[in-house]
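The next part holds the structures, each set out as structure tokens.
Across the two complexes that follow, chain A remains constant while its partner is chain B and subsequently chain C.
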Partner chain A sequence: MLDQLGNGLLLGIIISVASVALSLLYGVTRIVNFAHGEIIALGAIATLFLSSPIDYRFLFLDRFTPLGLNFVISCLLAVLICGLFGGLLELLLFRPLRKANVGNIAVLVVTIGLSIFIRHLYLLFATGRVQNFPLELQRRQTYLFFDMTPRNLKVLIIGIFVMVLIGLLLTYTKLGKAMRAVRDSEELSSVSGINSDNIILITWISSSMLAGLAGVFQAIINDVRWNMGFLILLLIFAGTVLGGIGTSFGAMVGGFIIGILVQVSVGLPFMEGHTEAKNAVALGIMIVILLFRPQGIFGKKERIS
Partner chain B sequence: MVFLFNPEGALRILINILTFAGIYGLSAIGLNVHFGWTGLLNFGHASFMGMGAYVTLLLMPHAAGREGEITTTGLPIIVAAFFGIAAAALFGLLLGLPAIRLRGDYLAIVTIAAAEIFRLVVRDLESITGGVYGIISYTENLQKFRPEFINNLSLNYEFAPAQAWVGMIAWISIFLTLLLLKRLNNSPWGRALRAVREDEDAVRAMGKNAVWLKLQSFMLGAGIAGLSGALLAFNYGSLETTVFVPLLTFYVWAIMILGGVGSITGPIFGSIIFWVIISETDRLAYIFFENANGQQLAGVRFLLVGLLIMLLMIFRPSGLLGKKEELLLDVK
Partner chain C sequence: MSNNLLEVKNLKKSFGGIQAVNINELKFNKHQLTSIIGPNGAGKTTFFDLISGFQTSDSGEIFLNDINITNSHPYKIARMGMIRTFQLTKVFDRMTVLENLMFSGSSVSNDSLVKSIIKTKRQRNYENDLKDKSFEVMEELNISHMANAYARELSGGQKKLLELARSIINNPDTLLLDEPLAGVNPKLAEDLLGLIQKLASNGISILMVEHNIEAVMKISERIVVLSEGSLIADGSPGEIRNDKNVIEAYLGKSND
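This part shows the complex of A and B:
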């Protein structure tokens, strides 16, 4: 069971970062974003495109030549691309919908359509092949009580650092306070002089950048697939719900718990020979939480029926 | 349009489209009972179809699993299909009982998660359901009742008689379901159900049990989906868990929105239009990709489904035939 702990921590950091992003967006805009997974995949695919050596032509349908940039720079650029993409989504799609007073449920269905659309664009242009970043293989080492490769340990540390940073930004900066104000009440915040349109735009950008970062993590730890975002989306929902929808701190912890539970459940006695069903455990937990404590572990009570 | 370009085998293609349109249309009718009539945001429709399909098939003579283990005893198809529908409805009740009180977007997440759990568990229970190896050798249960005239026609006009028979049953099922729903819609029960969608508190004030009404609607729609799932299995000829991925649910959603949310007959037209579009996309794929492979064909197809859902929801949320006042999407 303990040998799975390292894997659990790594899955945990991916889900955790992605859950914070989803939760931030939901908190401010009330959009349940099913296209979140596709932004995650964009982070990974963009990094692959930027960092693969130039002679890897077969990656993108032979038509687009990878740029062969330095790996760290590629990751940073990919995160920026995701932010840009999220900003464009808000400006071109979701802001007009909001101005037209389209209901939350209709927007939810729009994000589902968007998710299917983008995901199959990836299938067409990034191909259905499973691909890897141009990084050398590393051997697992034991740290304290878990094993992972040195590179994955770096990912874990960077991820935790980013989340602490996000927490501090949300709590102490003017922007973070404004975001939380819009989350609590859009009308009240706009009468206190906050431009809620700008705040929502910034939320889209930062949420998408975080999602892109989660995608880069996921691709470093595992691999790049066209549908990688959708495969992990329900686990992200589970993490978000477990921590409490709309709470950033809750989503961090919830994401970690879900990641560790999914991997550790493989080692449980009754799961022997049923490793494929491990995601069902996390989804089951999410349903139970939604039914009995819908505000999550850290959320405030709110009307949910 | 398909037929103009393809004089040969035109009837075969037409029957293929009509069969899929019938089966998916039936499923969309069930979803419409959930969303259009009652306002329940169900994103786990694939699991109700799966439940109906698996229970129906497993109760009949079939072969399943890696070794193709043969089960020779079983119920007659009518009885098996009845149990399949009942199982789907019961699954709807089990899922709905705790979940139905949840707000719209939470219900969406719970249903899609429950559908994934269903699929993962079915895949995992290999000894019963055949797991990833699936179920085979069950179509004879239905095909042995195939009327003689289909065979005779198929000799003259070159189409697959087995699929024509499945398609015929799908359309008969649609007809019967619509008769039932028309009656229900005009009954006091149907009026109460629509009242739940419009104003739940008013229904409660009138002394009706709104939660129980919602549950009944959930079971009814799930049962209809169960029947369509079983028909889908007969159309494919072999059944595996990958059929019931969330994309199946989204297909049915696209059909329902296309036909018109809340309209009783809308899903039928939505389904026919949808499948004609889908079969036309293959041609589109060949324009973009010379020698498009199966993956690219599927990619273009789903791309369009996603675009269709998005555009309809933005520009015509009431669908092509639906009434605007019947639409309730502002559930807060």
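This part shows the complex of A and C:
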């Protein structure tokens, strides 16, 4: 079982970063974003497009030539592209919906439609086949009590660093406080002189950048697929709910727990030969935890009145 | 400087077929405690929503201190020094009482991202001053013992006090109070009335929507009466008490 711990940590960091992003957006806007997975995939696909060698022929239906940029720069640019994309989604779609007082359920259905639409655009114009980043193969090494490649260890460390940074920003800066304020009441924030539209726009941009980063991580650790975000979307929801929906710290921990549970359960005796069922154990445990702690591990009970 | 605080001209707002607000001309003076009364559905809250930017008018103009604020964003109007409260009390549930006050009290210029990370001495002084001031306001409203309680844990009456504290922390020129006495016990209602009067005597201009007529008669300097969106009476409490239109609007036309 323990030999899966390294893989668990890696899946954990992907889900954790993506869960923080999802939770941030939900926390401020109350939008359950099913298109979150597509923003994750955008991070990976954009990186692939920016960084693949120019003579790489199988990409993008032979229509577009990859740019062959430096890999790290490509990752950073891809994250920025995701932020831009998220900002445009807010400005062109979700802000008008909000101003028209469209209900939460309707908005949720919009995000499902958006998810299917964007995902199939990827299939059409980007990549229908499984692709890999132009990185050389590395050998796994043992660190403490888990093993992974040096590159993946870097991913893990960067991921944790980014999440701690986000946590500090949300807790201590006026922007973070303003986000919490808008979450509690958009109207009251306005009365306190906060431009809530701007706060929501910034939330969309930062959530999408984080999602893009999760996509880059996922592609480095695994590979690039048109439906890669959709494949882990349910695990991301699980991580968010498990930690306590709307709390960033909860989403971080919840994401890690889900990731580790999924991978470690592969080592269970009865799972031998059935690894494709690995999500079942993790999600089963999630349901049991929620039975005893309905508000999630870090969620707070609310006074109902 | 003119004595005009707020002026509305030809203000109209309708929902479906219902004319919620239809006011030709109405002026409010500075440093006065004015109450807006009227039967349910008279358009009082809609009027508040229009002048505080929470709803856009169908037509007409609104001036605050002679500046046109028609259809401005609520946050811009708040930054101009006109702060409102809500019929259903709103507080920042997930912040403590102290955080509620410090958040609403902090000025925009002192809260840039950089300043909140790298705390200069000036920034620390600013935050300490803000904290002192928050405690001052809490003392005044008798809620300082709850400074570190989360706002969601407060009772309805305590939330009313917090809401009032939050509204005055920034030294507003004008307060719009939407039913400040609704749903509070008689003792607290009396305390709140005293506070409102004190704020008014400190020079804050106050517009208040309130259903408690007795209280309104007691503390208002001027009363404006709306019915079905229109202005039907305007005057001192004594004048309003005997106004035929007002009595009709509240009690219906007599049949004799």
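Criterion: the second predicted complex is superposed on the first by the 293 of 305 C-alpha atoms of A that agree within 3 Å, B and C clash if a C-alpha of one lies under 4 Å from a C-alpha of the other, contacts with A are read in each partner's own complex, and residues count from 1 in each chain.
The definition used in the following text is that a residue touches a chain if its C-beta (ideal position, glycine included) is under 8 Å from a C-beta of that chain, and two chains touch if they have at least 3 such contacts.
The structure presented is a predicted model; accordingly, all values stated were derived computationally and were not measured.
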| item | value |
| --- | --- |
| Which of chain B and chain C A:L114 touches, first, second, both or neither | first |
| More chain A residues in contact [chain B versus chain C] | B |
| Partner chain(s) touched by A:A280 [first = chain B, second = chain C, both, neither] | first |
| Partner chain(s) touched by A:L290 [first = chain B, second = chain C, both, neither] | first |
| Partner chain in contact with A:L175 - chain B first, chain C second, else both or neither | second |
| Partner chain(s) touched by A:D184 [first = chain B, second = chain C, both, neither] | second |
| Partner chain in contact with A:I194 - chain B first, chain C second, else both or neither | second |
| Partner chain in contact with A:L144 - chain B first, chain C second, else both or neither | neither |
| On chain A, the residue positions that both chain B and chain C contact, one per complex | 303, 305 |
| Residue numbers on chain A that touch chain C, as the complex places them | 169, 172-175, 177, 180-181, 183-185, 187-197, 300, 302-303, 305 |
| Complex contacts: residues of chain A adjacent to chain B | 32, 97, 102-106, 108-110, 112-121, 123-124, 127-128, 234, 237-238, 241, 274, 276-277, 279-280, 283-284, 286-287, 290-291, 294, 303-305 |
| Residue numbers on chain B that touch chain A, as the complex places them | 41, 43, 98-99, 101-106, 108-110, 112-114, 116-117, 120-121, 123-124, 247, 250, 253-254, 257, 295-296, 298-300, 302-303, 305-311, 313-314, 317, 329-332 |
| List of chain C residues in touch with chain A within their complex | 52-54, 73-75, 78-79, 83-84, 86, 90-95, 99, 103-104, 106, 108, 111-113, 116-117, 152-153, 156, 166-167, 170 |
